[in-house]
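Right, I'll just put the structure down here and ask away after.
So that you can tell them apart, the chains are marked A, B, C and D in the order they are listed, and the count of residues begins at 1 in each.
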Amino acid sequence: MRRFGRASNVNIGATGRATGDGAAGACSGQVGQIGSSVQQHRLPDVAAATLLSLASRCHARGWAQATSGNFSVRLDARRFVITKSGLDKGALRAEDLLVVDLDGNPLTDGRPSAETPLHAQVYRRRPGITAVAHTHSVAATVLSRALLAEGYVVLSGFEMLKALVGIDTHETAIRLPIFPNEQDVQRLATQVDAELGGDDCVYGYLLAGHGLYTWGTSAGEAARHVEAIEFLLECVLHGRR
Amino acid sequence: MRRFGRASNVNIGATGRATGDGAAGACSGQVGQIGSSVQQHRLPDVAAATLLSLASRCHARGWAQATSGNFSVRLDARRFVITKSGLDKGALRAEDLLVVDLDGNPLTDGRPSAETPLHAQVYRRRPGITAVAHTHSVAATVLSRALLAEGYVVLSGFEMLKALVGIDTHETAIRLPIFPNEQDVQRLATQVDAELGGDDCVYGYLLAGHGLYTWGTSAGEAARHVEAIEFLLECVLHGRR
Amino acid sequence: MRRFGRASNVNIGATGRATGDGAAGACSGQVGQIGSSVQQHRLPDVAAATLLSLASRCHARGWAQATSGNFSVRLDARRFVITKSGLDKGALRAEDLLVVDLDGNPLTDGRPSAETPLHAQVYRRRPGITAVAHTHSVAATVLSRALLAEGYVVLSGFEMLKALVGIDTHETAIRLPIFPNEQDVQRLATQVDAELGGDDCVYGYLLAGHGLYTWGTSAGEAARHVEAIEFLLECVLHGRR
Amino acid sequence: MRRFGRASNVNIGATGRATGDGAAGACSGQVGQIGSSVQQHRLPDVAAATLLSLASRCHARGWAQATSGNFSVRLDARRFVITKSGLDKGALRAEDLLVVDLDGNPLTDGRPSAETPLHAQVYRRRPGITAVAHTHSVAATVLSRALLAEGYVVLSGFEMLKALVGIDTHETAIRLPIFPNEQDVQRLATQVDAELGGDDCVYGYLLAGHGLYTWGTSAGEAARHVEAIEFLLECVLHGRR
């Protein structure tokens, strides 16, 4: 499946179509020379560009303020690229990303996002997923605290639900599970894994007082899911007043 | 009637004046050679630019997130151009538009917006209309659900009503009908047609939990109508608290 | 008094300082040749640039949507320049402005803003004022309707009050009078004149369901007053919930 | 400690990393020639660029409207640079900054911000701090008035708290003290000093009906603190409805 094209300027819109030169396959890209462990994990330009675009898009919406939020894209069955810890998501460069394995262990230099285990959980459980986005919005933060006792936010009857892959009717409802926030991210990932697994009916989840995790089979789909869910959370928030 | 000029960069402001080179008539444009059915429906550059500008303008306001929303402009008495289905309205290009007839049948390659029948209904019933805009805003989504039982949103006494063509006083009220959202868009278009026809006193309508449909005798007028109605919906939403 | 400098790119920030080449006096500028009534009222480049900047600044804040809002700057004791009627305030050009006298009569070609009498009232009554801004914001629209019966909005105890010329303490309160909106703008101007005159303690007023009028001794001061008052109206609106 | 690099274009993101040429140490910079008191206090280019970037960043967020807000960076143990009084923080230039000592006395030409004593208090009491930001947001203004009787805003349990230096868990709470606004800024600074001193557990404070003061060991850290606290204040404001 071609998800993004080779590009000098890769722009991933919410449809996932990379608007670049778009000729070569992305995932293999420039993997490096045989025999060099560092170069084996060299970050392909396209993957870097894709991830930077996703992070930048979310930051521009106000969903990754004060170095919050984290974003990743899959490289292959065993590795993904994630934003480093504690950086301004509106000013990232390729050197601010690093490659990790599906246990979240860094394979290139640097300190990965503290929430890497939550990304790894998605990639392990959902083989078709190639991008994960974690955003911090006011709506997600407020609603996840207000509705923690219920355990989920219900999004029901909205046309915008059809922006979520596989949903072709507004006459439906989805639940966004809410997990209590947890300092031990590994334990949190284990809990998410135990409760959600790779359930295709789950499009994302909330961490109380924290934010939203969602994903997609491409960076564009992940961006579309973030936009749709954050929009719906705002609708729910305003509808409660 | 000259509604937009020939331009390399056509910018349609809310007044409908195309700020381009502005020399040639727009509607005929470069229609193609006799005898070629594909080229007969080739999309004139000006129409494409006009429509892209309208979509981009609405997307920039946050009213077409996550590939939602759809926009169209009339080509002639029998055809209009509409945005294709499922694309990021902030990153459209000419190839993302297609020509359809007034029954909504595509005349060029591609899959038109799923809501094409609603656009076609407007063009059939309202011969003077040359642009249709469908937006998804938080205010429209929330209010259309809250007031569905009433069947309409009343906009009364606002100065901004004078931005709607034909209204020259704030001492008036208009109703935005609210229709229950419907999966069968053809059936929905039939219902809208039966209840609204081409009533000149109706400036737009809402689909519950979905969004706003409005239109104009030019793309600029449609843009102005969208801006005015979305502004007023926000005023109503804030005024209810 | 030098209020703005000659510039190719005049940028009027909220302090009123024109950040351009800044050499020549603005008000006289390039007035035209003796004996030509049209050229007598030719719009000086600097005045045009100043006014375009003020309108653009307010439009960018969302306070002049759907061609609403109007803006003016004084040329001399007898004339001012105002934005023409019904145009997108985010896309104005010099040809979209026209010169009027203090009775609001156009002195150059075009149709002035319908609300010209309200601008003229300010210039007649307040000789030191050189710019007037009329904005349409959600906060101003909602509050002016909610508090019409009281007849004014009280802004009390805010630090931001010190952005209003002549106010050097937060330990004060000002009132923004609210007038019922009126179709006969001339009559409205007469009413405003009768009730407010040129009272220096009045920094602006609201038209119910319509918007804000405010002014300044320079375009920068007017911009600062608009920003300060619109900010405070938002604080009042949010503080009521 | 290297906090910012030498740069022609210094961009201070929220992480504090200056993305410029980044070679020379910032604090000493180009201090001037021995024997010239004016040149002794010449403003180093990097410090100017850093401060302009911080002010611009906050202004772009809407937190310094109508010339409100003020920002400073430390030069050395005895001096800091602060924005001049009454200027548009979105259009500042190097000449709009001036050097002051830790008593707030200007060492270069110009009128410093009226709130200079509050900045000086931070630099005197907190030797590690190199940047101070004072913002005016709707959330800070509204909440500081609503909760003045309590004397503080509690921010508890939010993940965003971890954006504040030294906080590595969401399972905590901080208090933002609220002081009544005061015309005599020197007296206010004395009060703040008496009540807060250089308490490391205090990340900022509010002035009622006025705004937020916060700081950082770098301009980037200060920017991150402003973003985090303003975000949390919005969450508290929306959570109260």
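In this section, a residue touches a chain if its C-beta (ideal position, glycine included) is under 8 Å from a C-beta of that chain, and two chains touch if they have at least 3 such contacts.
A quick map from chain label to UniProt name: A, B, C, D = Methylthioribulose-1-phosphate dehydratase.
As the structure is a computational prediction, the values presented were derived from the model and not from experiment.
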{"item": "Chain labels contacting subunit C and also subunit D", "value": "none"}
{"item": "Minimum number of chain-to-chain contact steps, subunit A to subunit C", "value": "2"}
{"item": "Copies subunit B and subunit C touch via same or different residues, half shared test", "value": "different"}
{"item": "C-alpha-based rotation, subunit A on subunit B, 0 to 180 degrees, nearest 5", "value": "90"}
{"item": "Centroid spacing, where centroids are CA-atom means, of subunit A and subunit D in whole angstrom", "value": "33"}
{"item": "Subunit B and subunit D, separation of their C-alpha mean positions in angstrom", "value": "46"}
{"item": "Multi-chain contact sites of subunit B, meaning residues that touch two or more partners", "value": "241"}
{"item": "Contact set on subunit B toward subunit C in their complex", "value": "11, 13-15, 17, 19, 157-160, 163, 169-171, 220, 224-225, 227-228, 231, 234-235, 238-239, 241"}
{"item": "Interface residues, subunit D side, partner subunit C - complex", "value": "65-68, 86-88, 90-91, 136, 138-139, 141-142, 145-146, 181, 183, 207, 209-211, 237, 240-241"}
